[in-house]
């Protein structure tokens, strides 16, 4: 299967190229970037020196890529820009997997509230499922696999929804009063040319940012509400940590049952034999980002605090793999009938 | 004034040596360590090469140091070991500033619950004040300055009590339902010779640990209860961050008044002109560990989330300075009538 | 093909497990470690959680592994220990790829001089080729592929021999007066439980060590002499850099011809179309470790300084991939008739 | 003594502010920066929150600062810009300590060759001594102390000249064939807003750059020639290391005498009792950047390699302290009759 990537100049675009370069079934035949057009992919991404011979960045005119022979496209573009390509590509019968925020929200008013602009393509929203693959499997849903346009979850939402959604759905935790802290590696901010993101400024520095209303909050709450079957308001506080990759998420939620029930729900939602990318760790141990960085896995565990009546739930992912490009490839694998782990181990 | 340090082989002992080496009034004349006895201080602490000529580590027999000519001693020892020295030194009329956990708790049963042993010197507890200097000043208390034995707060507690205690005292926040996440640099674990704390294992790694019942929790709750004037139970989750120094603390507490009232309380507790080591940052900005590392300052700010009704409060300190040795020197300065900032800028 | 690893508790053993876990032709069926026997591999190496189901560490008695059904074994053991296994396994007709230093030197007296002990198995030396795969190809040699026991080059030597050996062979540089500086990531020291290698001690720290007579020097000079066809003495200075992985090597050598001749030699030694794991970069650019870390590639470039008459040659590798386990898998691939890059992209 | 800083928006300017803020004799009363004019110094440099009350950045018009009441000015400006201020300030009778490259070279043609422009103020050159304080003391020179304009050495040159100059002067090493490798922390590049210097790009990355003709080479060779009393050409290769601060320099030079003679020369050049900022370490040990970062000290050691006949000499400094701002304050101290270490311990 020939696949293409639109907008591969950022970190998630680069990882997509690397993952597809070694994918056993998908063949990466087109990579676009306005700013890099004409340059060899293996020069722009020096980690790939000697690979992908002949593949160069091309211009990314929507009509041109719509007329291309690739069957499937990944969009690794900023929000607001993705929609234009999604329209052209789906109209041309291509399958589109979008890593931007453009089709993550069901509500256009929420989009406007959090992104400051009118939604760029509301007509596509209804037919663009938001796909957290493991949760779709938990719900027994398969229809998304044939959708023309699929929205990939954001990085923070992935680290939060995977542990929390099943617990809300089965009422193991209270939906009210949830407090979430997530620490992200610096690559989460994208490839930035500012003093703030320079090596000397980010080393030895931890801090909160963007609280209390980070953009991902819209996506987190909209999704949680689906599982809680009720409006859900959470306290979400993102942090920057002095590391390149990884997200560590800590969720405090009021327990409505014991820790055994929580683990039972998780084990049923994510049967360990058939869920390659979610690992459930024993209560009392804590996932560490170093063990998931460079993998497509989410690790999670929970502990009950009898003093407060809360569960303390922690999860870790690689923000660029499971939080973006790795999950996008996983989605392609499932939608295309490939092995779920193809190219991802 | 001649001062000594008992047990200077760890990180807080080393910083004490460095701070006292450049203190304008205190003169460091004795440094003990069983394992380092006989070695020159400036060889063991290479950052001090060429300084402290003639000063070598000596043995640390309690009776010997009790008979020494130093007026004041800092104890930078593990809990359980400190008490023995505190007894001998105070009996000999020395002033003692203890950086261990031995005299932080008022309750010996709490000590046993959290530290797993009987309290080593309950008879000294009553006369050993727990001194968070800025909070003592807020309360208008001076009596601690003449105490023979002073307990220094722990690092996590310092980062939590400074922002939270005044708010509980003035009922600006609810005492129930408080959630605290603190990310610490690796030096918080001490100078460790284990693979877990090796460079390759700690780089690129963030994780929770020790939840839900870290030892510092006992101290945090006992202190908060004094300010809330009622038993206080909090959810405290410590994390390890891939940095050497610094603590970033995030407190979520239900608001009982507006953000202006919160800032008013803080500004009254810590008048900025006369409180050199607490900086109150504008709401909407967030303190960063990089700006306090290598200083004795706590930076703090808060923001109100109208969606949840919570305050999100963040603070940062250097775990070894304001969280340990810097604060110990500040306590010495205040107790000895020196300038509060002497040797600390 | 069933393969096993003896001694997989260190960093190179761990990487071997990870590389073999995803190898398309080799199947990892046995992993031994005295200290880890009985534990699941995916528990000990948490990056592999959910993979290698059923595979646990076993005891590593030489006679037992000699009687096993695996065809090929990797030895990831300390020097001095490897030989015992090499004897038992080769006697049993197994193919052995040894990552230790035991069979790298042709001279047993050199071994004694640098390693402080008698060589543990001199009788095996003659039949144990030292295999730097790209150099073997340059020399048109194939016989090593059928050897029962193959010695893998060390990490520093790999980063030095790849650029320098062809230049000495074709007399593009003087063999006298060569100065080599190599900076290594901390993992080069192995998985260490000492304060010296702790996160707080290694961060922000660069230093030389082990000069002027690091153990790898014996291997470097013995090999260089083969290509220079004369005794060769070099100045080799290893350094530790605050990073986990990677080696950056800088070689200063007196030029005997122009920079074009140097590049011609390199291009002939490593035809870029058929040499996947050596990249020759343009003169005036410099390889960076970040681009080779996580790959099996060596990048190299050179510049001529007309002021001094020297070539300044720089190369980078990942010390654990091309410098150890990746190269070992590459050697297996070539010896077994697999694609050279199998499992390594 | 009132002092000012021109151009304090970069890293060396910031450190100057911090050092002067705690200096016992000099009082920092003016800090200029075109881009920061009007902002409080303690807001721009958050490490100083609560300090330097009332001090704000002002505009930096040369005539205006010439008319100011400050006695001494530090110039922390880019090369080419410094000269303009140096002229105006010296004409107004101020003492000027320049951290830029403008007055480091005696030769204007060398300036043009390495900096690509005509020298901006050749008429000031003759009266502007280049001051490496320890070397001036070794030479018994005092005249520089009364110069109106003093040029501070660059960071790489400081780490090279301190160990090497006395050895060349006393012919302990050959002047020909010297090879120097220096690894610098990222702050050496200044406060940069480019993707290249971003956290994600610099972590885990070591590489050479700027070889073979880095700008500092002109200064290094011009100075070495003075001590060797003959033209001196060296091979100098700078590297970037994944750390914020520090320079580690390795010099390989042909020995003309034994290691004892080398140490004798060093000990005579830098009597350890009276040279606070140079530490001579035993042969066989190696200085580490972590021990000098945050200090004004250079550590150095050397070892003789009988196999090659070379000395391997290593030194470490903090590039911003001893390599820039710390040394500038040291120069002010000596020129003003203050204690050499004032404000620097």
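Should a chain be cited, it is by its letter among A, B, C and D, assigned in written order, with residues numbered from 1 in that chain.
Everything below uses one rule, namely that contacts are C-beta pairs under 8 Å (C-beta built on N, C-alpha and C of every residue); 3 or more make two chains touch, one makes a residue touch a chain.
A quick note: this is a predicted structure, and the numbers were derived from the prediction, not measured.
Student: Looking at the contacts, which chains touch subunit C and subunit D alike?
Tutor: Chains in contact with subunit C as well as subunit D: A, B.
Student: Taking CA centroids for every chain, report which one is farthest away from subunit C.
Tutor: Result for max centroid distance from subunit C is chain B.
Student: Looking at chain pairs A-B and A-C, which one is connected by more C-beta pairs in contact?
Tutor: More contacting C-beta pairs are found at A-B.
Student: What is the distance, in whole Å, between the centres of subunit A and subunit C, each centre taken as the mean of its C-alpha atoms?
Tutor: 37
Student: Could you tell me the distance, in whole angstrom, between the mean C-alpha positions of subunit A and subunit D?
Tutor: Computed value for the inter-centroid distance: 47 Å.
Student: How many Å are there between the centre of subunit A and the centre of subunit B, using C-alpha atoms for each centre?
Tutor: 40
Student: Send over the residues of subunit C in touch with two or more other chains.
Tutor: Correct list: 201, 203-204, 242, 244, 288.
Student: Flag every residue of subunit D that touches subunit C in the complex, lowest number first.
Tutor: Residue list for subunit D touching subunit C: 177, 179, 181, 183, 185, 201, 203-209, 211-213, 233-235, 237, 239, 241-246, 248, 250, 252, 286-290, 293, 303, 305, 307-308, 310, 312, 314, 316.
Student: Quick one: which bits of subunit A touch subunit D in the complex? Just the residue numbers, please.
Tutor: Listed in rising order, the residues of subunit A that touch subunit D are 11, 186-187, 191-195, 197-204, 242, 244.
Student: In their shared complex, at which residues does subunit C touch subunit A?
Tutor: So the residues of subunit C touching subunit A come out as 21-22, 46-47, 49-51, 272, 276-277, 279, 288, 291-292, 294-295, 297, 299, 345.
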